[in-house]
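Order as written gives the chain letters A, B, C and D; numbering starts at 1 within each chain.
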């Protein structure tokens, strides 16, 4: 329990009063030491970036800062005062608030109610709502960040970016509880935003700096460097260093995070199939041919994907690219159009037909759509291709065990055992299991990847990238909806730009001839 | 339109977007306040069904029958007021038969009656409602403390309530001789029995609670996203207990109303009200998953169910078929509400 | 009889975490609850724990076990079937009406009919996307109405007892045949689930329907199948009731609905779906039966019996529910 | 059990266990063969040599929350006290299944000196009860409900079936109603649970009465299942439907009559005559007050005692089954029409110890059921 850091004299009061200081924070879970003596300083009016791989202890640290986790040891100081945070309300009283990674708004309440939720103040008098006061309170918060949302709109009718604004407005309510500038923690605020929305968010973060301190957590190192003043890096539950953002490069941060010079080189390969294709001049029939596909949110989409090719689809929020992807898997109804896979018409009536035809789909919402959390790794992996573990109609446990163990080894999935519930694995390993689901039978011909690296850390990302390349190399046609433009550019052989439900442009992106993000953005808007 | 494949072959650049004429607007949610179109379904159905019966049966369209329908809806409306809040939270409540039985016997024994010398009048009603609220509170406590699903806690409390009622019943029917309580069922104001006005008052109170009280709004929010409330520093448990307590109080009042109608305290005062209240709430548009609907929705549902029951008798449908027709209409009503918003890959539990 | 063992595979190979004592206990809780209840009844009335008495209790429990077993499948898929009892009543009427014409085939015909009706409900649920609670609530009233009409609202005597007589026999002179049949039903369904992909499909559907669908699981087929089996079980339970009461009646099984649901939940199956098993429901059904018939027989007065029943089922669920599998309790 | 054993192993072994259970069950079935009964329980019934102290007395009715049935159980208690025993009070909440379950559980215990006084929920519930008692050798008296073709004399343990002549009572109150409305006008009937002999017979009685009073017209008949609350709702609807045409309400029991009275009061009608059956205290009060016209006595406390008394006398050997005359195996008990002029005599029903003496058990018989 005791760490060398904790042994420091307690009475020492820091000379410059920091907005927040963490000393030697320790937290253990059964079998895991999540925090192993973390030190962190947040200065007044600065934006501090917090970087670290999954499992580095970021989320435990953040939870400790807002009172959701009780540390086993160490101290938290707020403005030179040692505090003990027992609950989220406690933290708010000390001026610490957090915007959670998964949005924490009640969808069926109004924006105003969400903003004041839990600290209604004069908005509720003796349990009775005073709607006018409440709207005024909410409006004040929204004004602070310059948002023009109707406070009485139901939250589930707002766009994602607007909800993010509501979320920030809500966190800023903690100002009412304390006379000091608050500390605002933003946990992965950009992971599901499109680039335009991210810009708006960054503008708001810079505004926040004028009256608050901000802790900004993101997996996208370029973002962290872009918006932050300083970046602190965690590794294995310890603080491993800090750098001023101005001097740092993503590669350097990355090195600190994984403890060695990892490469960003995974972007720069190209699938073997395409290279060989470019050498031969003969026109090939594409593996996937989509003609005039229309649905609720997209129209007249044409798309060709060759065997062994990775085609990225980019577009802003609302471009309809996710729905195209789901439609190809039979999970979204279509109104017109034809899809041909290897010369045979693809049945789009349901997911079963798509699976049977050798189409695989990795959904963006891994936790709710990608995996069945309480079920084992083995059962998740064999969920789709049941015949791979059966003889006739009967399940053969031994057959399943052999198969699953082979794939666990092949994809180097880090799991204690194939029988472990998948929800106990780290995000990257979960994603690998989800991918493996389509591979176990060896019959997948088209893979649709919807944000396959969302929420994964750098290391896990590289592994997923490597896997994608390998699959493409073996002839699988891949459609990729990437997490970022860089990812799309780096991974794809060709990029389709979608805008307002149509495929508007196609950009070739062969190895050595990659377009720049700016090229794409021009086409997207 | 140029095939994207060809377009992309030549250069890394686009051949341009020519689709500027009729761009499909992306489906983006628009900020919205107030009533949605979906909420209009049940009231329309009510009007239609009322119209159909009015055409079919001359007895149905008389003023006295409309009064009769409203009077008949009174007890169910009060029960439904209570259950609506529970359903809004996404929980379920099967405790009304027991709680109503207990409160019916209690009130019959506390006001002027043939069993003892009590004559507490309104105070007796208050005590009965408080007892009912206490039983409701117990099911809420069992939910949040023992973490037992409300389905079971309320089922258990229902049995407990029936037991308590049977204990107090002690073999001799308590008959009410209290003039006030008897008057509620008999005396009329503006053509409607006092009980009906009480039910209307309950609906109003329920609506105010739902719209203007923290309890009501939080009940709504718990159905929407319980975990978010916790993250916002709201302790959910007390509100859950409070909602069950309030529901219990409504059932208690309903038990008193049944006692007033029957002139006697019956252990079976609440028999059947559990499922009919859920039916009414659901038909009115309150979803069982929580976070939707409300008191007004449920009240429309109550009227729908009552009109249906009454109308079927009036047009001469065999009493055996009546339950079946009601069942069909419930399924149809929900289907009509659900089908327009069907999605692929939709989760239906 | 094997007890339900929910194996929790060790957590982390890096740091192996063994199931705690509490977790081990949770998986045995239904059986523990059963034993405790039996002990309590025996203390209240030492005459209760006799072979005869236990034989009668398991015989009584048979229809409830079968009903609960069928409905457990629906619950595991994340739905609920409120129509089982009404369907069972309807089936007793079918049986009584058809017996004179169909003779020995009646059994098959009734079970086929209830299975078809169950499938119909499943289809309505899946195709119209109506919540199962509503579909089966509607079904409950519709089946009752049909039963009332075709039986003219009264019971129908079953004079020819040859067809149902086998259910009243005793295996080895001790174990009632109806209970053996109930055990076989539970065992066969459990076995089929375990040996085929069905178990994965059902659990995936129950835990996370959208994930299951996107993994290509035949969610709709699985659900319809669950409702079909639930319907067939209602038919079989009807057969057991007829063999006991020598008549069919439009309300014969109506009062078994809440006990059946209670049996499922008392067994520790999560009402939200995914987690649970038929063996648990078997234990739950025995607990509920002991409460229903045991309490009055050992001399608990009627009023206290109801209070105890209410308190005990809540307590039993509090014991058996594995809260680590269910995140939010509604 | 190996808890650390991983998933597939556990799956495997569980499957094996399951298979084992089926195997054992089937093997047991084939090897030992199937027998008709569980062990024990086929002692001769008619012997009747129990020590009085060994006799177990059981009274079973639908629910204690109904005054008539509660008074039945109280009557049973009174008899039990008279012979120095206690009665086990059972109720089954009007649930046929539960009644069967309780009885089969009861019969699984010590049945040698068991005496049961049972109110079957409906006609169809009687055969299984009778056969269970016969197989177990328990002394059984049933009341009210019995299928007509089930003959008590075919059984040894089923000592007697007691009921009131429903046709007679239905006719008596029908006539009283006709008289009260002046011999002509419209009436409606509230029927009981349709699956009971009582409800059917009483309605037959009403039809006989209607035949004798041709000017009385039956406007409508609906079932309210012997329930006060249901009667209230049904009557309300009937009042709207038929309005002023209704001059009288015939109810198959007093509870429904009382519900109808409430409905009339709420509708502001005091010109409608109401009749019922059972003579529950509230109905007697109503007759005294003049709001209700007539009822027919059924004596709950006596019924609760007499069933136990018959069984007790046989069990202790004071009376042999063979000695009970065939006409006393299934018989109608004495009943009276109660109207305002004679209501005072029935306000507090009394049972005397003499009613239950072994030599005068059948003194209230009005003849055999035929």
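Following the convention adopted for this analysis, a contact is a pair of C-beta atoms (placed from the backbone, for glycine too) under 8 Å apart; a residue touches a chain by one contact, two chains touch by 3 or more.
Everything quoted here is computed from the prediction, not taken from an experiment.
K.L.:
Which chain maximises the distance between its CA centroid and that of chain A?
P.N.:
So the farthest one, by centre of C-alpha atoms, is D.
K.L.:
When contacts are scored as defined above, which chain pair ends up with more C-beta pairs, B-D or B-C?
P.N.:
Between B-C and B-D, contacts are more numerous in B-C.
K.L.:
Please report how many Å separate the Cα centroid of chain A from that of chain D, as a whole number.
P.N.:
Centre separation, chain A to chain D: 70 Å.
K.L.:
Where the centres are mean C-alpha positions, what is the separation of chain B from chain D, in Å?
P.N.:
37
K.L.:
Centroid from C-alpha atoms only, then distance chain B to chain C, rounded to Å. What do you get?
P.N.:
From the centre of chain B to the centre of chain C is 28 Å.
K.L.:
Just the number, please: Cα centre separation of chain A and chain C in whole Å.
P.N.:
A distance of 43 Å separates the two centres.
K.L.:
Could you check chain A for residues that touch two or more other chains and list them?
P.N.:
Answer for chain A, listing residues that touch two or more other chains: 331, 351, 376, 379, 417, 419.
K.L.:
Using the touch definition from the top, which residues of chain C touch two or more other chains?
P.N.:
Within chain C, the residues that touch at least two other chains are 7, 9-10, 153, 194-195, 210, 213-214, 302-303.
K.L.:
Which chain B residues reach two or more other chains?
P.N.:
Residue numbers touching two or more other chains: 166, 169, 227, 345.
K.L.:
Given the complex with chain B, which residues does chain A contribute to the contact?
P.N.:
Interface residues on the chain A side: 87-89, 92, 100, 104-110, 113, 117-120, 124, 127-129, 131, 149-150, 152-154, 156-159, 162, 170, 286, 296-300, 302-304, 318-320, 326, 330-333, 350-351, 494, 496-497, 499-509, 513, 515, 519, 523.
K.L.:
Once bound in the complex, which stretches of chain B touch chain D?
P.N.:
That would be residues 59, 62, 64-65, 68, 71-72, 114, 165-166, 169-173, 175, 182, 185-186, 193, 258, 261-264, 266-269, 271, 310, 313-314, 319 of chain B.
K.L.:
Could you list, by residue number, the parts of chain A that touch chain C in their complex?
P.N.:
30-32, 329, 331, 351-352, 354-356, 361, 363, 368-376, 379-380, 382-384, 386, 389-390, 393-395, 415-417, 419-421, 424, 437
K.L.:
Any idea which chain B residues touch chain A in the complex?
P.N.:
1, 3-5, 7-9, 11-17, 19, 23-33, 211-215, 217, 220-221, 223-225, 227-229, 231-234, 291-292, 344-345
K.L.:
With touch defined as at the start, can you tell me which chain D residues reach chain B in the complex?
P.N.:
Answer in residue numbers: 63-65, 67, 70-71, 73-74, 222-223, 227-229, 232-233, 236-237, 240-241, 258-259, 261-262, 265-266, 268, 280-282, 285.
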